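A short worksheet on the structure shown next.
Chain naming follows the written order as A, B, C, D and E, and within any one chain the residues start at number 1.
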Amino acid sequence: MAASESRVARAHVARLEHVSGTGSYAGPGTLLLGKRRYEGGSEEPHDLVLPGNDLFADGTYVRGHGTHVRNGRLVSSQAGTVLTVNRLVTVRPFRSRYVPEVGDVVVGRVLQVAGKRWLVDINAVQEASLLLSAITLPLGEQRKRTYEDELNMRAFFAEGDPISAEVQEIRSDASIALHTRSNKFGALRNGVLLQVSPSLIARAKKHYVRLSLGVSAILGTNGYIWLSPHDLETAQNEDKTKKAGSRSDAPLSEERYITPLSVGPEAHLRVARARNAILLLNARSIPIDPVSISLVCEECARQGVDVKDMTRREVASRIADTVQTQLSAASHLAERPLRA
Amino acid sequence: MFAILQGPCVLRGEVGSRAVLRRSMCIRVFNLVWIHRARHIRQCRLLLRTTSASARRGPRADLPHYLLHASTILHAADASIISDRLRFALTFALGKLGATSDCGRAKGRSGGMIAELLRASEAQGLSASEQDYYVSGIRAGVRVDGRSLLDVRDLMVETGVLPSAAGSARVHFGETDVLVGVHTVIGDETEGQGHRVPRTLGEALNFQIQIPGALSRDSRDGANVAMMLQQRLEAVFNALDEKALHFEQRILVQPNRMWWQFSIQVLVLRTRGLASLLDASAAALRAALRSTQVPRLHLLPEDEDALPKILLDEKSGMSPQLLDAKLTPMTLTLCQVGGILIADPDAFEELCADAFIQVAMDKAGRVCGLFVSSNEHGIEPTSIVAAVKAAREVCVGWLESVDLILDEDLKELENLFVPRSSHTGFLHTR
Amino acid sequence: MAVSREFVQGALEKGVRCDGRHLNAARHCEIEFGPQQGSAMVRMGGSIACASVNVEAVAPYADRPREGMFAASVDVSPGSCLWAATDVVAARELGIDMSRKLERLLRSARVLNNEDLVVVAGKLVWQVRVEVMILEVDGNVLDVAALVSVAALKYAKRPDVSIRGESIVLHALEEREAVYLPVNHTPYIVTFALFARTALPVAAHSSKRASLLVLVDPTEDEERLCDAQLSVSMNAFGEICGLSKAGGLAIDKENVMLCTSLAADRVRHLDGLFKHAWELANNGAPSKPQFNVRPSQVCIFPSKVPNIMSVPSASKRPRSERQVAPQAPKHADVIQGMDAEAQPPGIQPSAEAKNLSEKFGMADVQAELPKAAPATSVLQSTKTRKASGSEASNMIDKDSTGSSSSGDDLTKAIIKTKGKKKVKR
Amino acid sequence: MATTATAPNAAGVHWHAEDGDVVFPGDVLMTIPESEGLVVRVGRGVTRRGSKAREHADSHEMVALYAGTVRVDAGRNKVWVDCDHAKRYMPSVDDLVVGVVADRFADGYRVDIGGAETALLGALEFQGATKRNRPSLKVGDVVYARVTVAHRMMEPEISCILPGSNKSWLSGESELGPLQSEATSMFVDVSLGYARYLLTLTNGDAMDSLNSAGDTRSVISLLSQKLNFELAVGVNGRVWIRTNDPQHTILIALTVQNAQHLRIPQQIELAQRAIATL
Amino acid sequence: MAPQRTRWGAAGAEPAVDAAGLRMDGRRPSEIRVMRCVVGEGTFSPFGMGDDAHGPTGSAYVEQGRTAVLATVYGPRERASSSSALPGSTGALVNCEFAITALNVGGAASAGSSYTKADRRSSEMAASIKAAFETVIVGDGLQRSQIDVFVHVLQSDGGQLAAAINATSLALMNAGIPLLDVVCACTVGVVDAYYLADVTALEMRFHGAVLTVASTPSEHKIVLLELESKLPNQDTLDNALSVAQAGCQEVYHAIDDAMHAYFAAVHRAHAPIRA
C-alpha cells in the first residue's frame, strides 16, 4: 500500500504549464494584438458575438435571451453563439447560470427551511422556492396542509437535502417556484450530487436515466446531476436502490435516518466511474447525455484507464478527443448557427 | 488549562537534559489542549523550535516540555521509531494528564478547523444520506472519485509566474488553485515601522493571504480561513531553523540590525474546503521560496553605530543568487471518516470527517508541524501516529518529484542573465 | 420638496428645473472671508460649508527635506441634512470621499507648492491643514467644499519668519504683520448632473447627440435622480485641473467638451464672485460679523439667476439693493431670527420680474384658464374636517390617559364654529 | 414664559396661562379640580401631567408639550398650544396627511408621513377596496390619508377610508387615496402652522384665531383664479400640487412654499407676480 | 526591490519621446502596450471540476505590458440579506473589491505597505469599477441578485484602473452576465505636447497629466473619465480624449481576440445543443 502511494504521489506531480487548463488556449503569443492563432481550434468560430455587437438591422426578428434592442437594431448582450430558431434570435453564452424554464426537471439542494416553503439552490440566479403546498404529503393524496405539517417541514426536506423537482412557474420578478407533485420527484439519497455546466445538459424527454454501467442518474437541467448505484444482480437490491435512487413519495421523518443499505465496493466503483466520466465531459464541455457518458466509459475500458485516473488531464484529453470524434460523427443534426 | 499545564511540567528535568545533550535542538509542544476524560486528544500542535529561539520567546518558554521525548523521536529518520516514540510520548502525556482529571471543560468546543468548515460549508451542506453514502464508500475502500483511501490527487506546480516578484509559484491541487509571490526587502530597525529583528524563521516571513469571497457568500469567512491558514504556515516555519532558507548572506544581514524580510503574498484563486487549501498553499510557498532570487549585497560599514550602506555591484546584482529552500516542508492533510483514515480529502469528504490531522514534513521525513483537530469525539493517539506515517510516504514522494521539476526550471532560470521579468509572466507557457 | 424622476424629466424637457432655474443656471452663491484669518464660508443655494486653515511650523519628513506638508479634510456635519442625521456612516464616507477628491484637486492644481512652504530646508517647514465642514447639504457639495477651501487658503496667513544666524524666529502677530500663504492658483470644481432624455439606460447608447440634458449646480434631488455626474475642475485661466465621471450614463466626447466649456463660463463667474468677495474682505469693508444660516426656501424663486454667459461682475448684487427686501413676518422672526440683511435678494421687484420673465418666458402664456373650480381635493379635505369634526371630542376625567390624540378635535371644533358663523352671515 | 395670572373662572379651572402666552414644555397651563361637569377641551400640545402634583393633590395639571403660543378660545373651554414653525410632525387622530410609500409588504404599506416613525397603511384601507381589487402602490407613491391611530406607544396607522363617504377609489373621485400621476405632480414641505393655515384657508374664510391676518384673499385662491391645479394639504406640512404642466406645478409649488415666510400682503404680492409671469 | 531601484533610477533624465518618435519602451506615442488576456482563468481547474456553483462564475487575467490584473466574478447569486440595497432597485447589485497584491514595478512602495484592503486608493478604484459596470449590466432577470467582482493587481506598471476595468469586462462576459456593451479602458499621458497612450509607471514620472477613459467600443461613448492633473486647455483634452478612445478600440480588439481564443479552445468541436 505505502509503496504504491509513494509511486502514485511521485507520478502525479507535474509541471503546470504543460497541463494547465488555460494553457491550451492561452498558448505563447496566442493573444497578441493583430495576429490570431487558435491552438487546435479546428474551425474558426465565426458565430461568436460579444456584447454590443449588432445582430440584425431590421426589426423583423424577435428578440430572445441574450439580446437587446438599441435604436431599432437588435444587439447582442452576451458573449456567445447566435442561434436563430425561425424568427427568434438568441445568443447563448459559453457558460452562465441556469436559466429556468417551466417544466424543467432540476436537481437541487435545500438551503433553508422558511415559513411554509423551502429555499432550494438550483444554480440559478435566485434561490428557487418550494412551497409546502407544492409537495405531495406522505399520505399521497391532496389532503389539507395542516399546521402540524408546517411544524415538521424538516421531516420532509431538511437543510442540505438534495431533491429532484420540476419548475412550476417563473414569476415576474424572476423568482422561481418548484413542485414535487409527482412520485418521481422528492428527496434523493444514497448517492452523490455533482455539478456541471448547465449548458451541457439538453432538455430531453428523459432526465431519469439508467446508465449502462449499472448506475441510475438524474440529469438535472440545471447542471446538477444525481448519481446512485443500482444493482443488476439481486432483485431485492434492485428495488431497494431504485427506491433510494428515485423515490416515489416524499420521505417520512423517521425514514430519513435509516442507515442506507451498504452498497458493495464495486457499486461505489461504478458510481465513481460514471462521476468521473461526467466530469471529464464537463471539463471538455461535451454535451452530457447517456450516450456520451457510456462512450467515455467504454473508451476508458478499452484504453484500460483506472477509474481514479480518468480525471487526470492528459488521460482526459486523450479520451475526450476520441469521444468527440465519435460523437461528431454520430450527430449530424447540428443546426448551423446563424452568422452576425 | 492549569490542570493541563501542570502534568507535563513535571517532566522538564529528567528527559529534557538528555535530549538537549543529544543534539542542540530541543522540541516543545505548545498548548496540548482539549483532552477530555476519555483521554483522547481533541487538538494538539507540535511546534519545533530551536532552544535559542524559544528562549528569547519569553513567557511561552516555560510551556510544557514533555515532548522532549518527541525531540529525539521526531529526528529519528526511521518512521517506525517515529511512531513508537510518538505514541509513547502521547500516551505518557495522556497518563500525566489523566492523573489530573477534569480537563474536559472544553467539551462541545470543536477544533478551529471544524468550526471553519461548518461555516464554510453552510452554503452547501451535505445531507445525512449523502454522508452515509460517502462513509459507506470509504468503508468499502472506494472513495467517491474512485481513489483508494490513501491516494492523493494530482499536484501541479508552476514557478516564475510573477515577473516583478523575487520568486513566485502557482499550484493546482484538488479544488484549490493558489498563487504565491515572494518579495524580498531589507528590513532594519531604524525604520521604526514596528519592524523587529526576526527571531525565528517565521518572523522573517510576513504573510498576506487573500481569499476572495470564495468560501461563502460574504468574504468575512474568507478572512477567517485566511487567518487560520496564516497561523498554520507561520507555525510550520517557526519550527524550522535558519538554515532552512539558505543563501550566501544569512537572513540576518547584520546581526540585530539588518535582515532580509520576505513578504509573502498568497492569493487563493479558487478553493473549496480547507484541506487542499493548506496543502496547496504550503506547496506553492515552498516552490516560490525555492525560485526566489536574492540580490547579492555589498555592505559598506561606516562607523559602528550607523547602518552600513547597501551596494549591489552590477554583475552580481544582475545575476542574483537563488534561495536554497530545499529543507522547507510540505504538508498533507488527512482526515478520519468513520474511524478510517483517508489522505487528501476533497471538499465533501471534509464535511463527513470527524478529525483532521495535518502533517508538515520536510524532505528528510521529519515532522515540522502537526495540527490535529477533531469533533467532540476526539481521536485516538494511534491514528495520529498512523497519519504521520502515511503522510511521510506521500510528502517524501511529493518533495522528491517536485524538486525534480523545480530543479529543471531553476537551472534554466539561473543561467538567464536578465532578471525574470523578461518572461511572459503569469501563466506563461514556454 | 419631493419630486419623482418622471416629473423632473418632464420639467427639464420644458427647460425648467424643480427650483425654477434654467438648465444652465446656477444658484445664488455667496463667498465670505473671515471672520478670522484663514477661515471662510460659502453658500451655494441651500448648501453651506465653512473651512478653516491652520498653519504650523514643523520639521520636514526625513526623505523630503525641502517640501512642506499639506493636507485637506472634509467633514459632513450630521445635522447637515436628513440622511446625514440618520445615516452617520454614509455621511462620514461622503466626507472621506470628498476630502480625497479635494486634496487631489488642490495638489494637481498646485494651489500651494510644497516647495514654497519651506522655511529652512531640512529644518523647518510649514504644515498647512485645511478643514472643511459641510453645514448644509443641498446638492453640489463638492463644488462648495472646493470653493470654500480655496477661499480659506487664500485668506490664511502664517507668522512672519526671520532667520538670525542659526536661530529661526517666528514673529508674534503684534511684533510683525503675518503674511499670506503663497496661494498662486484658485481652482474651482463645477459639477454637472446629466439626464438622458429617456429614463431607460438603454438610451445611453442611442446615438442622438441632443439626447443629453446638462444641469449645472444640481440640487440634492437632481443628484439623486440624475443618470450621471461629471465634475470638471478648472482654474481661472481655463486650465483643466481635473475631470471625474464615475460610471453612470455613457456620454459622447462632444458632451464632455460641452461640459468643459460650460464649466469655463461658470468658473469665470465664480472667479468674479471670488475676487469681489476678496476685495470686500481686504478693503476693510465690514464682512458680516456673524454668518446666519438661512434656510434655502426663504428665497422666493432662486435668487437672481446668474446668467453664466454674461460677465461675472454683473451678477454680483450690490448690498444696497438688499435693503429693499420687505420685513419678514413676526413668527418668522421668532423662528429663523431673520433680519433684513438675510432677506432673500430675489424679492425686490426689478430682479424678481426679470427673474420670472426669464424663467417662464418660454412657458406658453395661453395655458387655458381654469375651467373647474380650483383646488378640488382641497375642498374635499375641508369637507372631511367638517365631517370628522362633528365626532365626539374626549373629556378630561380621572382615567383619561394622555390627551395627545385629542388635539385635533379642537381645531375641528373651531372650524366647525367658523362654519356656523359663515352660515349665520 | 408662563404667565402668573391665575384667574379661576366659573368652572373652577385655575388658569396659569393666558391666550397668546409663549410657554415652554412642562409649563403648567391650568389645573382642573376633580369636580364633575367640568368639560375642557385640550388640543394639541397640551397633556395631563403624569403623576398628580403635590400641591394640587386633588386636581389635574395640564402642561404644555412643546414650546409655542397658548391659544385659549373666548369661551375658555378649549385650550391648545400653537407651534407654527415646527417642522416635525406629531401624528394625531383624524389628521389629513400626505405620505410617501416607503415600503410595501404582503398586507399593507409602510408610509412616511414625516413623523418620527413611519405609519402603517393596510392594503384594504381604501374606499371600496376588496381583497380582489385594491390599489397596488409602488414605493415612492404619494397617498392622501387620514390618521386613525396615533398613540405615544404605538406605530401610527393611517387609512384612506373616509367615514360617511362612499366614493370608490376605482372611480378616482374618492377624497382620500393615492395621489396619481407623479409625472406632473410634486409636493413641497412647509411648516406645520402654515399647512394648517392653508387648510383653513380653503374653508373660504380667514381664520383670525389661527393667523392674525384678516385678508380673505390668499395665495392659493389667487393662483386658482389663473391656473387650473389640484392641491392637497397635509397637516404634516406637505402640500401636494398637480397641474397639467410641470412648469405651472413648479410655479405654484415655489409660490406656496415661499409664501410661508411672508406676511399676507407680501404673499399676495408674490402670488400676483407669479401669476404675472404667465 | 533593490535592483529595480537601480535600474529605474536614472530614467527621469531621458525624454518621453526620442528623436525617432519612439517612447522609452520603443512604442509609438499612440500605441498601447502588448496586451495578453486569459479568459476563464481560475474558474476552470485542469481537473475538470470546472463549474461548481461554488467557484467563481467568471474570471479573466489581463496583462498590459507589466501591469497584470486578475478579475474574478462571483454570481449573479441571491442577494445576501445583509446587503443594503434600495428597495425599489431593479437589476443586480454589484459589489467590487479591489486589492493591490504586488509591488509596483517601479519598486516604490514596500511590499508590506502596498496592500491594505482599507486603502483609500483601493476603495476609490473599487467604487469607480462598480460605478462603471452598474449601468452596463442588463438588469432584467437579475432582480434580487448580486454580483461580486474581485480585482487583484498582481503587478502594477501604470494604468491599474484601465487594466482592472478591461479584466472585469472580460470576466463578466466569461460569467455570461448580460451587458449592454463591452467596456474598454485606456489611459493617456499628456507629456509636453505628446499624447502617450497607455502610459507606464516610468512615463508617469514626467509629471504629465494622466487621463483614464473607459468607453464603449461600438459607439465610442465615454463611461468613465478620470483626470488627476493639469491640462493646459480644452483642445488638449479633446485630443487626449480621441487618443484614449483610439486606445480603447485597440483594447477592444485584444478583448475580442481573447474571447475568440477562449471560444476556440473551450468550445472546440462543441456540438450545438439540440434546443
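Keep in mind that, in the parts below, a residue touches a chain if its C-beta (ideal position, glycine included) is under 8 Å from a C-beta of that chain, and two chains touch if they have at least 3 such contacts.
Bear in mind that the values here come from a model prediction, so they are computed numbers and not experimental data.
**Q** Trace the shortest sequence of touching chains from chain B to chain C and report its length in steps.
**A** Shortest path length, in steps: 2.
**Q** Taking each chain's centre as the mean of its C-alpha atoms, give the chain farthest from chain D.
**A** B
**Q** Taking the mean of the C-alpha atoms as each chain's centre, how many Å separate chain A from chain C?
**A** Here chain A and chain C have centroids separated by 57 Å.
**Q** How many angstrom lie between the centres of chain A and chain E, each centre taken as the mean Cα position?
**A** Computed from C-alpha means, the inter-chain centre distance equals 32 Å.
**Q** Just give me the whole-number Å value for how far the CA centre of chain A lies from that of chain D.
**A** 62
**Q** Can you compute the centre-to-centre distance for chain A and chain B, using the mean CA position of each chain? Integer Å is fine.
**A** 37
**Q** For chain B, write out the residues touching at least two other chains, lowest number first.
**A** 123-124, 153-154, 156, 172, 424, 427
**Q** Would you mind listing the residues of chain C that make contact with two or more other chains?
**A** 202, 205, 207
**Q** In chain A, which residues are in touch with two or more of the other chains?
**A** Each of 19-20, 22, 26, 68, 70, 121, 311-313 in chain A touches at least two other chains.
**Q** How about chain B: which of its residues touch chain E in the complex?
**A** 123-124, 153-154, 156, 162-166, 172, 174-175, 177, 179, 181, 183-186, 193, 206, 208, 210, 212-214, 217-219, 261, 263, 265, 267, 269-270, 272, 295, 297, 310, 312, 317-318, 320, 347, 419, 421, 424-427
**Q** How about chain E: which of its residues touch chain B in the complex?
**A** 1-4, 6, 36, 38, 41-43, 45-47, 49, 52-56, 59, 61, 63, 66, 68, 70, 72, 74, 77, 80, 82, 97, 99, 101-103, 105, 110-113, 115, 148, 150, 152, 154-155, 157
**Q** Give every residue of chain C touching chain E within the complex, in rising order.
**A** By the definition above, chain C touches chain E via 96-97, 100, 104, 108-110, 201-202, 204-205, 207, 227-228, 230, 238-253, 255-257, 260-261, 264.
**Q** Name, in rising order, each residue of chain D that touches chain C in their complex.
**A** Going through chain D, the ones touching chain C are 32, 34, 38-48, 50, 60, 62, 65, 73, 78, 80, 84-85, 90, 92-96, 100, 140, 142, 144, 146, 150-152, 162-165, 175-176, 182-189, 191, 193, 196, 199-200, 202-205, 207, 209-210, 220-221, 223-233, 235, 244-251, 253-255, 257-258, 260-263, 266, 270, 273-274, 276-278.
**Q** State the interface residues of chain A toward chain E in the complex, per the touch definition above.
**A** 19-22, 24-26, 30-34, 36-42, 44-45, 48, 50-54, 66, 68, 70, 75, 77-81, 83, 85, 92-97, 99, 121, 123, 125-127, 173-175, 195-197, 199-200, 202-203, 223, 279-280, 282-287, 311-313, 316, 324, 327-328, 331, 333-335, 337
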